[in-house]
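Please find one structure pasted underneath; my questions will follow.
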Amino acid sequence: MRRRRLRLAGRVFTATLLALLAMGVAPHSSRAASNITLTMWWWGDQEAHGAKGWLAQTVKLYEKAHPNITINTVLQTTDGLYPAFETAAKAKRGPDIQYLWGGINTLAEAWPGYVAPMSDLIPASELKHYLNIQEDTYNGKVWSAPWYTQPSFPLLYNKDLFKKAGLDPNNPPQTWDQFMKACAALKKIGVTPIAGGLQDGWFGGWLFALLGGQNLNSAKEIMDAAIGKADITSPKYSEWWRKLAEMRDKGYWNADIDSQQLYQAQAQWLRGKIGMTYTAGSDIRKFVMALGVNRTGVMRTPVYGTGKLAHTFGSTSQTLAVTSFSQHKAEAAQFIMFMHTQERMVAFYQQTGSIPADDRFPQSMITLPQQKELWGWMVHQGGPYLENFIPIELDSGGNFAGSQKLFAGDSASSVIALQAKVLDKWRRSNPGELMAFQNWAKS
Amino acid sequence: MQDVVASSRPAGRRRTLVIGPGTVVRQAILLLATAAAVLPLYVLVTAAFKTQNGYLASPLGLPIPATAAAFGEAFGNGFLRWLINSVAISFTSVLITLVLASLAAYAFSRLPFPGRGVTFTLLISLMVVPPIVMLIPLFELMSDLSLTNTYQAVIIIYAGLMLPFSIYLLTSFFNTVPRELLEAAAIDGAPHLRTLVTIIIPLATPALVTLGIVNLLWAWNELLIALVLLQDDSMKTLMVGITVFQSHYNLDIPVTMAGLLIATLPIVAIYLAGQRFFVQGLAAGAIKE
Amino acid sequence: MKVAATPDRRAAGRARPRRSHLGDWLRPLPYVLPSIAVIAFIFAYPLVRLARESTQQSYAGMTQDVGFSNYQFVLTDSDFVTAVTHNLLLLCICVPVLIALSVIFAILMHETVRGRRVYQVILFLPYVLAIPVVSVLFDYLLQLNGGLNTILRAVGLGVLAKDWLGSEAWALPSLMFVIIWKELGFGIMLFFARMLTLPAELWEAARVDGAGWWRLHWHVTLPQLRSIVEFYAVVEGITMLSWVFSYVYVISNGTGGPGTSTLVTELYVYKNAFGYGTNNLSIASAASAILFVGTVVIMFINFRVRRIELHASHA
């Protein structure tokens, strides 16, 4: 009897030991004694194809020059970028460098204290060269460092299809009427005039930025609507939904817009059966090269509105921020500055075709005609990228969901009413953020 | 009537019932169900062997010519590390769950104590709590204990989540062990632990196997908790890894499919190998009346 | 192993009265304590924290006590109501369909000899697959111009080719379809395995009586499967209420379907806690607390009402 008990005990012991061993087998995060490890969570290869390779190269060069520093980079998913960061920030442990989109996307992380002010870490003489820092500024401080520009957003069109439809491939539509006529002509020859993908929601925000501000004169006006000083359901703010519904009713958009993801729909355009599609400005080289330099045209969103913003081209930069809980803020900022050295910026452009957010970047390097056009719009007719100036909840609950509903068949009026509802909910459930937003709107 | 039946039936052979829908109809329905079950897998396998253009041109056709290029692209993504993580985490948590649940089920089944009824009902009611609900506090707790990005945190959370169901299952099974067996052992003067191990566990092997498999599948396929708690790429489980992977490559369908196929093969292989054993386990009365 | 005991000993055993004493308290402790410890760690601690956080609003490190206003917000939030409704729809539609289909398929499989092994292997395969894999595959198959519609159009059933994922009317049914597709295998195997243990005579008697297929199985097979069906119903019911997050998250890309047409309670909590740009931990905590307490109470009552036997029946 005793022997059996011992055998049983032995088995239990072995099992426990195995279990403990299994736990012990788990790799521990690198514990370097005197070395410094920087962790960078980022995004962007998705819209600036080739960034991953460039970053790996940059890390290697930097580590060679600074042997006591190790840099780990983690490329996040689009859906996971912000959730992962906010989860980490709440627990006060996570990356040293965090990629953030501009405007509200940076400030919404700065207000709760998740990021450290970049203007305290990078000298003003350097920071002033970075493009679009004004949208990341609050309370006199700049909160993140622009990395690459995001011309938002060029409307690509297939010149061959335009020709086939009887449209002038070198004179794309500029007014809304011309736009509607062009769509009708494309539809007549059996081509889907314009395609988009709303299944993952993001394109809804793009549509808002491209169409929603055409009756506004400044970004401040949309911020006023957000905080309740202006009515988001009034025609000035809501006409774009009706314009979108009009296009939907005439069948100008792809029928599967709600069941395709953003990038999937863009990929469809490359197959040559769709007239127009929007793309991230940072990614334009990929699209142009895929279809052909001579076959691809770029145009600005045609104008229906009467505000000053209708004639501007959205200009924003994607940024990198240093987290407030980082133990190595200065080193992190140094690495960011390294990315802005001449050699690195040129390499970035060569590898991704995307233009670094730095006025010291030699513009003569931009040879692709479509990109030259884009750059010209940004420099000469640049304006705020509107999606960066609304509460993120209005974006996801109002623009994403609203666009999906609109294209699923809901009426423009119901979608417009939804915007007001979403804003009201945001104000009621986020008093802290509302206050910060109000302060920002005042400045 | 019994005699008539007995005499016309060859001894020991089960006959197929042929009343009702004829064999053709039956086979047709089953074939349809099988086709529905297999169609997504067919897409998975064929797409992995196509090129992107080949897929877009013919999403449902056979891959002719077949190419393994997608696999090459998919492989350099850390699948092996993720696989190891998944194996370690799921097997350990299931082992712990089975041991703890067996002990608890024995007590709930055979050891009357005050408050046993309420405690039991409360414990198994926890089966129905959505894991997301505890995710935030658990994440904060694990952060405070510096246990994020560790095996231990995920293992113990999985064990906690699997215990209510496991206790439910094992208790109802232990209840069916004939009283006489246990009384005899009690009269022999056997201590409870020995009774449990030498009498009940062997009888309960089918239930334990079934429970082990169901729990293993759950832990293996679990996404949310692993997603939030295991941020480091080297710690991710296979599920988290392929979700991230799929999101990066979502435009290159063959590569996505190749990656998913790689991730799916281990579990499918184990299933095909152990499938007969599993059905036997279920048949041996895992869930008794 | 000795089985038989002398009659008088057995009688003596039955006659002994139950008296609770210290031994009764202490004896079960080493058996239940480990489980209770783990469960308390995983469930009780979060519940306490949820209770605390749900009555607060915090931002930028400052916390403010707001009483029950978070609960009020959640309960009057149309999105929450929508989410709960969707879970209930999943419960009331998917579970009966799962039971019906798996019973039918199990019976068909049991009655078929030719190819039975093949069916057995293949029909359970979906259950083994990972949900992210399943969801990605159906994401491609169910697009407006995806695999399923291509097939339908090819066989002339183009009128049935709906926008499964993109229309508000069809998104939830499509989600239900994917869930059923995957969970069906489990039920089929459970019932099939059970039927294997039943003697053939069971059906022969009724067959000789001349019963038709439906009558036969309704009166003979189903009663035999009753306990397993109940078990399956409980497991799948719980799944529909609390364990569908992965399905919805991947199929709707975390958005909750066109608009909110595939929003479920788990996704509601997730979007409020982790979603793009929200710092709404307090709202998420309130919703979590409501779900935690609500589901446990329902389950508790369910078990009590059905008087789940927890100790061996006294024969």
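Order as written gives the chain letters A, B and C; numbering starts at 1 within each chain.
Criterion: a contact is a pair of C-beta atoms (placed from the backbone, for glycine too) under 8 Å apart; a residue touches a chain by one contact, two chains touch by 3 or more.
For clarity, every value in this text was computed on a predicted model and none was experimentally measured.
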Chain pair that, of all pairs, has the most C-beta pairs in contact: B-C
Greatest separation from subunit C - chain, by CA centre: A
Cα-centroid distance, subunit A relative to subunit C, in whole angstrom: 37
Chain centre separation in whole Å, for subunit B relative to subunit A (CA means): 39
Intercentroid distance (Cα basis), subunit C paired with subunit B, Å: 14
Contacts with 2+ other chains: residues of subunit B: 140, 228, 243
Residue numbers of subunit A (touch at least two other chains): 79, 87, 90, 261
Multi-chain contact residues (two or more partners), subunit C: 146, 274, 281
Subunit B-touching residues of subunit A, taken from the complex the two chains share: 4-5, 8, 15, 18-19, 22-23, 25-27, 29, 45-46, 74-80, 84, 87-88, 90-94, 261, 263-264, 267, 271
For the subunit B and subunit C complex, residues of the former touching the latter: 1, 4-5, 14-21, 23, 26-27, 29-30, 33-34, 36-41, 43-44, 59-60, 100-101, 103-104, 106-114, 116-117, 119-138, 140-141, 156-157, 159-161, 163-165, 167, 171-172, 174-177, 179-181, 183-184, 187-188, 192, 199, 217, 220-221, 223-224, 228, 238-239, 242-243, 246, 253, 256, 260, 263-264, 267-268, 271-272, 275, 278-279, 282-289
List of subunit A residues in touch with subunit C within their complex: 79, 82-83, 86-87, 90, 104-105, 108, 111-113, 198-201, 255-261, 391-393, 395-396, 400-402, 404-405, 407-410, 421, 425, 428-433, 436
Subunit A-touching residues of subunit C, taken from the complex the two chains share: 57-62, 73, 77-78, 142-146, 163-168, 252-261, 274-283
Parts of subunit C lying in touch with subunit B, wherever the complex brings them together: 1-5, 9-10, 13, 18, 20, 24-25, 27-28, 30-32, 34-36, 38-39, 41-43, 45-47, 49-50, 53, 105, 108-109, 111-115, 118-134, 136-138, 140-141, 146-147, 150-151, 181, 185, 189-190, 192-194, 196-197, 200-201, 203-205, 207-208, 211-214, 216, 226-228, 231, 235, 238, 241-243, 245-246, 249-250, 265-266, 269-270, 273-274, 281, 284-285, 288-289, 291-292, 295-296, 298-300, 303-304, 308-315
